[in-house]
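Here chain A shows up in two complexes: once beside chain B, once beside chain C.
== the complex of A and B ==
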C-alpha cells in the first residue's frame, strides 16, 4: 500500500495527514517532507495518524532524526488519532515520553496553543 | 540361492553369445550395402563391356556379311536388340549408383564432373569420326568395317554420356525437392524404362500410335525442366563458370545428335541406333534440361548480385546474433557492425564513433580522414543533428555540405542507442545521390537494432556476473555474522536456554550474546538495529563490541545502557537507532536485574503465582536522544525468580510477523503460547512458539529478522 502524505496549512500550523504504511520506501518521502526548509516557518506540526496502519523502524527513525531540530527551533510536533497498534510501537520504544501523542484533533489543537 | 546361480550362469552365457551373434550380424548388415554396391558396380561394368563387345562382334559380323552378300540386314536382330537393352540398362544403372555418392551444394563440382567424365566423349567421337574420314579420304577406299567400328564406339560414348548426364541432372533437379516432384521423377524413370520394351520387341516408336504418347512425354520433360532451384544458389562468378560448362555440355549434345542424325538410314550401316526410342527420350531430357539451365543461368546472371547480397546480409545477422554465445566482446561486435553495414549499403566511406564517458571517439574509419570527420561533425553540430537518425541523399543541395567540398553525395547517420543509453554512432557516406534507398536503410536499421540488442545482452551478462560476485561476498558476510552470534550457551544445572535466530536477508540487524561475569552471574543481551541488511549488520557488530567492552567492567544494566547510548551517539547515523535489553542473572541471589532500552517487553511465567505476563517497564531506545539526558529515560528492575519460571526474550520480528491477511502475530498470541507450554523444557517451548509462528505466517513469508530466546530456571540440585 503506497503512502500518501498531505499537508494542510492553518495559520501557523501544518496539519500533516499520513495515509497508508510508513515503511522503508515511504519514509524517504516523509523525510523529504520534513526536511523542507519551509516547514521551519511554522510553529506547530500536527500529525494526523488516523489512517497510518503501520510504522517501521525506518519511519520511526525519520521522526527521531527531526525531533531535536524541531525542539531547538521550538516547533511543537504533536501526533493525534493514533491507532493502538501504532501507538504500541511508539510506547515500546519509549517515544511516548519523548513525543506528544494525544487522542484527537481538539486536544492536539489545545496543547499546541498552550 | 545356489540353485538359482546354477541356472543363471548358463543363461547369461547364452545371452552373451546371442548378443555376439547379433552384433556380428549387425556388422555384416552395416558393411553389406557398401560391399553390395561395389559388387554391383563391378558386375554392371562387366555386363556393359561384355554386352558392348558382343554387340560389336555381331555388328561387325553383319557388316562383313553385307560386304560379302550385299544384304543390309542384321543377323539375329532379336538378340542384337536384347544386347542393346542389356547394355543400356547396365550403363544407366551403373551411373545411377555412382551419382548417388554425390552430395552437397557444390553445383559447379557436379557440372565439372559431368563435363570431364562424360561430355568430353562427344569430342572424342568427333575426333574418331574425323580420323575415319581422313583415313578413308587418304586411302581413297571405303572401309565398312572401320565405319561400323567408329559408329559402335560412338554409340558406346553416347550412352555413357547420356547416362551420366541423366543422373547428374536428376541430382540437381531434385535439389530442395518435395514429395510431388519425387513421385513425378520416379514415374519419368519408369516411363523411360518402359520404352526399352519397345526396343526389345522392335516396335517403331515413330509410328502413328506412339506419336501422341511421345508428345505427352515431351511435355512431361518440359515440366521437369522447370525445376532449377539450384541455379539460384550460384554466385555471380559461379554462374559464369557454369555457363561455360553448360555451353560445352550443350555442344556435346549437339555433336551426338548431329552425328547420329547424319548416320540415320545410312545404307552402308547394318544398325541404326536412332531407332532406339529410349535414347531419343533420354537425349530430349538431357538436352532440354541443359538448355533450360543454361538459359536460366544466363538470364539470372544480372540479378545474382542481389541474391548474393541478401544471403550475405542474412549471414551477417546470424553472426551478430550469435556473437553472445561465442563470448565475443563489445569491440568485436562493433567490428562486425562496421564491416556488415559497409557491405550491405556498398558505402564508399564510413566511420564509427564510440561514446566513452559522453565523449565521441572514432574507433573505425574507411576512406575518410580525421580532418574530414571533424568538419562534418562540426557542421552536424551546428545543425544540431548529431547523434540522431539522419539521412541526406543529396548533400550538394545543402549549402553547408556543399561548402565542405566533400567527394560524397549521400550521408546516413545511425546512432546505436538503446532506451536511454547511446553507445555509439555510425556514419556511412556514398559518392552518388540517392545512395541510401529505403530498402538499404531498412537493412542498415536491422543491423543497428541487432547490434543494440547484442550490446545490451553483453552488458546484462556482465552485470549478472557482477551480481554473482556480490552474492558471493554477501555469503561471506552471512558467515561472518553467523560467527558473531553464539551457538552455545554455558550449560549449567540451574537454568536452561534455547535460542532461535533467522535473518530476513543475507545479513540482519538482530543479535543476542552473553558474557559470564562471575561464577554465579551471567549477562545476556538481545538487540535489534533499525533497518535491515548490510548497514544494520555493521551496527549489530558494533553493538556486540560495545557489549563485550563495557561488560568487562561489570556494571548494572542501566549504567550499561547509558554508556552504550553515549558510545552509539557518536557513530550511528541520524535515522538509525538500536533497541536492546540487558539481563544480569545472579544464581546465588536467585534473581535478575534488567534494563530495557526500547526493546520488546519481556514475557515471563511466574511458577509460584502460576501467571504469565509482560514486564511493563519504561526505557528509551539507544541513539534516539544523544546527550546526557538519556539517563532520565532508562529504568532498572530487579526480580526474584522461582524454580520453573520461564523468561521469553524476542525481537519485534516475532510479534510483528504478519499472515496473508496482513494481521500481526501480536503479544497476546505469544503470551497465549507460553500459557500453554510453560511446563515444557526451554527447547520445546521455543519449538512450540516457532512452529505456531510459521503456521501463522505461512511459508516464505519472512520480512523481518526474527530472534527468540527462551530461558527456564531450574530447581537447584540438593548436592550442589
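== the complex of A and C ==
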C-alpha cells in the first residue's frame, strides 16, 4: 500500500493524516478523499504530513485543484509536520507562499482558530 | 553497479523507478533534499511518458539509464510513444491553476527547475529525454 489516508474528526475540524508517498498513482485516492461532499461540512482541514515521505506534481496538483473551492467555502486548509524534503518541493513552485504550511499541530490549531 | 531498468507502462511502476534511482544515488551521499529532487525529476518524466505518451499501456515499455561523468549525473529515459512537444510547452501560472482548479501541468516546471539541463530527442520511433544534474 503506497498511501494511507486517515481522517479524524474533532468538532468542526478534519485532521487528515497522510502516510506514504503521493505520486501519480496514489494521488487519485487523495483526490477522491478531498472531493467527498461531506468534507465541505467542516471549516478546517488540518493535514498531518509527518509520514508523508514523498510528493510529486500529481500530489501537489490535487491540493492545487481543491484550494480555490475550499477558500470560496471559507474552509481553512493547513499543513503541518512537513518533512524538509517534501516542503522543498512546495517551495520549488512557490506553493509555500500560496498555501498554509506550519511547523506543528499546536501552530496549525492556533492558526485554524484565528 | 546495474545502471539501467526497463519497466512496462503502468503507474504502479513509478515506485519501482524511484526505488531504483534512490538505490543508485545512495552511494553518492547526497543531502536528503537533493536526493529527493533528483528522484522527483526522474519520476515526473517517467509519469509523463507512462500516462500521456503511452496511455498506461502495459504492453509498452520505458527504459531508464543512469550514468555519471565526473560530477555530472545523466538520466536517459526512452520510450516508443508519442513525442513530447517541447515547442508547445508553456511555463505554468500556479496562481491561475489555483483559480481554475487545474490539476496538472506543473511536473515539467519542477523538472526544469531541478535539473541543470533537460533535452528531448526524437528519431521517429524512439523518444529520449536526457536530464543532467551537477552534484558537486
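Keep in mind that, in the parts below, the second predicted complex is superposed on the first by the 113 of 114 C-alpha atoms of A that agree within 3 Å, B and C clash if a C-alpha of one lies under 4 Å from a C-alpha of the other, contacts with A are read in each partner's own complex, and residues count from 1 in each chain.
Simple rule for what comes next: contacts are C-beta pairs under 8 Å (C-beta built on N, C-alpha and C of every residue); 3 or more make two chains touch, one makes a residue touch a chain.
Please read these numbers as outputs of a predicted model, since none were measured by experiment.
Visitor: Considering only touches as defined above, state whether A:7 meets chain B (first), chain C (second), both or neither.
Guide: It touches nothing on chain B or chain C.
Visitor: Have a look at where A:65 lands relative to chain B and chain C in the superposition and call it first, second, both or neither.
Guide: So A:65 meets both chain B and chain C here.
Visitor: Would you sort A:43 into first (chain B), second (chain C), both or neither based on which partner it touches?
Guide: Neither partner.
Visitor: After lining up the shared chain so the two structures overlap, which partner does A:93 touch, if you call chain B first and chain C second: first, second, both or neither?
Guide: both
Visitor: If we overlay the two complexes on their shared chain A, which of chain B and chain C does A:57 touch? Say first, second, both or neither.
Guide: both
Visitor: Return the chain, chain B or chain C, that is in touch with more residues of chain A.
Guide: Counting residues of chain A touched by each partner, the higher count goes to C.
Visitor: A:24 in the overlay: touching chain B, chain C, both, or neither? Say first, second, both or neither.
Guide: In the superposed model, A:24 contacts both chain B and chain C.
Visitor: Based on the superposed arrangement, let me know which partner A:85 touches: chain B (first), chain C (second), both, or neither?
Guide: After superposing on A, A:85 lies in contact with both chain B and chain C.
Visitor: On chain A, what residues does chain B touch that chain C touches as well?
Guide: Chain A residues touching both partners: 24, 31, 57-58, 60-62, 64-65, 67-68, 85, 92-95, 98.
Visitor: What residues on chain A touch chain B, complex-wise?
Guide: Listed in rising order, the residues are 24, 31, 57-58, 60-62, 64-65, 67-68, 85, 92-95, 97-98.
Visitor: Along chain B, where are the residues that touch chain A in the complex?
Guide: Residues of chain B touching chain A: 528, 530-532, 574-577, 579, 597-601, 618-621, 623-626, 633, 652, 664.
Visitor: Under the touch definition given earlier, write down the residues of chain C that touch chain A in their complex.
Guide: 11-12, 14-15, 18, 32-33, 35-37, 39-40, 43-44, 47, 50-51, 94-95, 97-107, 109-110, 113-114
Visitor: Quick check: in the complex, which residue numbers of chain A touch chain C?
Guide: Listed in rising order, the residues of chain A that touch chain C are 2, 21, 23-25, 31, 54, 56-58, 60-62, 64-69, 84-86, 88-89, 92-95, 98.
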